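Quick heads-up: structures coming right below.
Consider the two complexes below, in which chain A is the common component and chain B and chain C are the respective partners.
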Partner chain A sequence: MVLVTRTSSDGKVVTIDISGRFDFSMHQEFRRVYEQAPGSATQYIINLRQTEYMDSSALGMLLLLREHAGGDRAHIEIMHCQPEVKKILTIANFQHLFCLD
Partner chain B sequence: MLLAFLQAYWWAPVVSLGALLAQCTQPRPEVALMLLVLTALAWGIPLACLWGQTRTGLIGCDDPPGPFDTLAPVNTPEPPPTPEPHPTPAPDVWECLPAIRSTVEEEVEHIAEAVTQTQGILRDAVAGLHQSFHGLYNQTQAQHQLVVSLMGDMTEQSDTTQASHLTMHQFTEATSSLLQYFIDLVVNISKQSVETAYKIDDMVRQMDGIFALLANIKTITDDTHMLALNAAVEAARAGEAGRGFAVVAAEVRRLSQHSRQFSERLRTQIEELKTTIAAVRKVVGGVASTDLNVSLDAKGRVDAMMVDIKKVDARIAQSLQEISTVMHQMHTDVGVAVRALQFEDIISQLLHYTEKPLSTLRCLGTALGEAAETNDRTPLLTLGTTAAHRREEGQTEAHKPVAQTSMHAGDVELF
Partner chain C sequence: MMSASVVPNHPAASSTPFTVLIADDDRINRMVLHAMLKKDGHTVYVAENGQEAVTLFEHHQPDLVLMDVMMPYMDGYEATSRIKAMTGERFVPVIFLTAMTDAQALVHCVECGGDDFLHKPYKHAILKAKIAAMERVRQLYTTLQSQKNALASHHRRLQREYEVAEKLFSTIVHPGCLDAPHLKYLLSPMSIFNGDLLLAARKPSGGLHIMLGDFTGHGLPAAVGAMPVADLFYVMTDKGYAISDIVAEANQKLKAILPTGVFCAAALLDLDATYSHLTIWNGGLPDVFVRQPSGGPLRRLCSQHLPLGVVDNTRLDRSVEVIELMPGERVYAYTDGVIEASAPNGELFSQPRLEVYLTQDCAPEQVFETICDGLTAFRAGGPQRDDLTLIEITCDAGLANQISPEATTSSVAKAPACWHMALALDAMTLRTLDPLPQIMQMLIALQGLHAHRERLYTILAELFANALEHGLLGLDSALKHTPQGFVAYYTAREQSLAALEHGWINIALTHTAMGPAGQLTLRIEDSGPGFDYQRCSLDLAANTTHSGRGIPLVRALCQALTYHGAGNCVAAVYVWSQGETNVLQRAS
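Right after this comes the complex of A and B.
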């Protein structure tokens, strides 16, 4: 599976593991994850440990997730980034919008 | 000392020996007197010279006796048995006097000429040097100001309010911010594209709803068709009475067929629309997916350039500081050189001072000439007295016009 979702027992934390290429081909699946998440979800954790590549559409998807989760009130953590992926997130100034580890 | 004496005045014993031999061979009284005088001279001159050298401390000098040395016997006591009324210098000395005079005068003229020439050359050279060093002084000052203004430019950097002033640092910052703007734009476009793709997905889903509705229409059409068929069958069974109803049933059947055709066309159209929408989604996906590695590389290069430019700026600032120090040193050195050029005054005065000794030497020449013409030594004696008097004067007062011996004394205010 390219995209795996886990929801915490209390339904507040949704964790999304993404492996391989995080690009436009994943947009429907990614959207489905957060649209189908329980309404009680207040925190999202994006685990990019297995992510090898990321393009601008992935950044767009993350921004749309942020809007879906409440914009500035959203609490989204992006964790375990590979160095290349982290560079991309940094040049897009995502450290100001998300919690980067 | 004895060896040196014999080497210089070997002819004295030879002359004495010759005189003795002549007296032995020709014992005449006139000849004897002449030989006696010759012998006295032959021994008197070297001895007088020896006395003079001992006084001046020049003993050991290998120079043969000069013309002045031959004058020495004038002051030496003559041998007592001379019958002549007053002592006369040796005839060869008197013969030398005109030659000595001309030599002295020529040398004096040479020296005077050389002194004049030296003064002229010195004046011109020093004037040139003065001009050159003053130019250099001004140039170094201008250079120093340039360096100072450059340093000011370097340190001002982004603090400046002048729009025309642009440093490399600002240029790189502008490039960096432009790149950031580009990246933000790309991310924003991607976000909107993905959003568009989501909307397209919604649209496709809604179209699937239309398909479901179309399926309902097809069912209704089929049912209507069946109903029309049944109505036609019932009308046929009714016979003549159902003739009108049969016409209605046929119309209903025709309508249901039209309706089926219509729904089929609608389905086809929507299928085409779905294909088109799939193509649109693909295009939107292409717009959304920008490879950020290019931007990443560009940003990395710009960042590296920023670091390099900061280093270069620091190095330039340091170099300018060093140049400024060197310029300051150069400025001071040129000032010292200009001050040192004062030597011209001193040298000129020293050269001017040579006129006095030269005039004395001229007088010597004149006195020698007079003595040779009149066959009288009075002018020479007068000259000797004057010279001695002048020496005494020279010892009592500072006769040099310039007492300075080095250029370090004194300072000059540059103008």
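Right after this comes the complex of A and C.
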């Protein structure tokens, strides 16, 4: 499984682990995951520890999640990025929209 | 005769009557078959030999053929071959009815195009069943054929639409002045439509605007956003807007039209007429590099902003970075397709590898080709995963000024008229608005001075900048003489302007007609303390550095340039005549 979702016991925090290549091929699944997240979710954690690569459509997917989670009110943390992935996020200046660790 | 209930009652077969051709030299056989088929509602044609069968087939195009083998003039094999040759894309089943039983003869029935065979004597029920089965196959074939035709015509239509769209696309997203001698570029789109965008346009004041963009994804969906952006890039550059204005406009447009998750990583570069400084806004593109002629460490301009189309303009950061350029330096901008180009083993070209190419000991004019060759060799013919774009800009004002101005469509000046226009700008207006593009537009509208636009823009821009920066903001142009001074000057300008509370600038344009010639007087007055223009003008005349290019340049372009009052008021007189179309003669 390249995409694993966990929800905290109080239903507020949804954690999505992504492994391998985070690119366009993951579009459907990523979308399904956040659309099926419980309505009680107030915070999302995207764990990229196992993500080797991400492309601009992955950045687009993060923006879609952000919109789904309330736009400017969304609380999304992107964690454990490997240097190459971190670089892609910072080139796009996504630290202005997401919490990057 | 069998009763109808014995016949397999397939709706498609039994409910739709069709046309049958019978070919048999035996009269009795013909009559029996004819009667049976007629009873089922089919239209029947009858041939006495192969020759006649072929002729009847040609005229009536039946749906099914029942064929005897041994017939005079032309046998069933030959007739079947000829009939099958005539059917083209239609499927017309041919069932052989034969008394022959040897395997070789039956195989031959199929070889010459027959679809089935039945031994004489046969039971009518069996023949009806075979006809019904063949009819099912025929209908299936017809359905497939019509779907195939529909697909083919759909494909042809798409192809045509693609061609029209491509034409439209390349007209709107035209490369501008990318063929200028000081620019080199590599464009390698994955498909007809490029999701990367590379535009270059001359500014009315000389110098150059460049935009490099990379839309999410590639192909047509990515390219759609390129059209409005290209359009506004050229229009706004032409009107004299600064890149931060273009950034704001492009962002607003893309935010409105692009779906969430699709955006445009972009860098806009502004090179002044002397190529002595570069203004850049980089939102989401990889580091832009500046290489010295001698190689050595690179200067790096990192992405400072979110890509275009992600947030709305209230959250957009339009601030730009300004750096000083030395003659012969080269600027490199590229999309991530370059650093993510992959070798057959999956290894990426990577930014460090690009930096090695840029820093290695190499003749400056060969760096670009070396990178391109390196990329091709690295990819080793492997598949391209993304659009790929690279541009090199050489800071050589001499080369740059060879760019020929684009022909304007309505370059005919209007007959000189008499008019007067005055603008009073207060501190708040000056903080938020650049009045020059609007003034230029009105000048063009009133007098149609396309051919004079560059000169007029330069005069207006230089005098307005002096009034604002020295008159109101009190900036010291001596700052520009220090190394990296322009950057400090620019920063100070931004800060002082943002804090401007008081003061005003009045701009008045007066146009008078003098026969076929027109005279435009431009008067700019500011609320500042003025300066000792008599002394300063001598200094300025002797000044050859780029920061002092303003006043000598304006003097060279005008009929007369005079200072008034305490030096806080300047008047420039510009004379033009109809039919004169030469462009800005640079005072360098």
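Before moving on, here are some points about what is shown:
Keep this in mind: the second predicted complex is superposed on the first by the 101 of 101 C-alpha atoms of A that agree within 3 Å, B and C clash if a C-alpha of one lies under 4 Å from a C-alpha of the other, contacts with A are read in each partner's own complex, and residues count from 1 in each chain.
In the analysis below, a contact is a pair of C-beta atoms (placed from the backbone, for glycine too) under 8 Å apart; a residue touches a chain by one contact, two chains touch by 3 or more.
Being a predicted model, the structure only gives us computed values, none of them experimental.
Because the two structures share chain A, they can be overlaid on it, and in that overlay chain B clashes with chain C. After overlaying the two complexes on the shared chain, residue contacts for A:R21 are found with neither chain B nor chain C. In the superposed model, A:H80 makes contact with neither chain B nor chain C. Of the two partner chains placed by the overlay, chain B and chain C both lie in contact with A:L59.
When the two complexes are overlaid on their common chain A, residue A:N93 makes contact with chain B and with chain C alike. Comparing 3-11, 93-101, 129-137 or 183-191 from chain B against chain C in the aligned model shows that the clashing stretch is 183-191.
Comparing the two interfaces of chain A, the one with chain B and the one with chain C have residues 24, 55-57, 59-61, 63-64, 91-93 in common. Put simply, chain A touches chain C in their complex at residues 24, 55-57, 59-61, 63-64, 67, 90-94, 96-97. Chain B contributes residues 180, 183-184, 186-187, 189-195, 197-198, 201, 285, 288-293, 295-296, 299 to its touches with chain A in the complex. Here chain A touches chain B in the complex through residues 23-25, 27-28, 31, 54-57, 59-61, 63-64, 87-88, 91-93, going by the rule given at the top. Contact residues of chain C toward chain A in the complex are 214, 216-217, 260-263, 265, 283-286, 302-307, 310-311, 315, 336, 340, 386.
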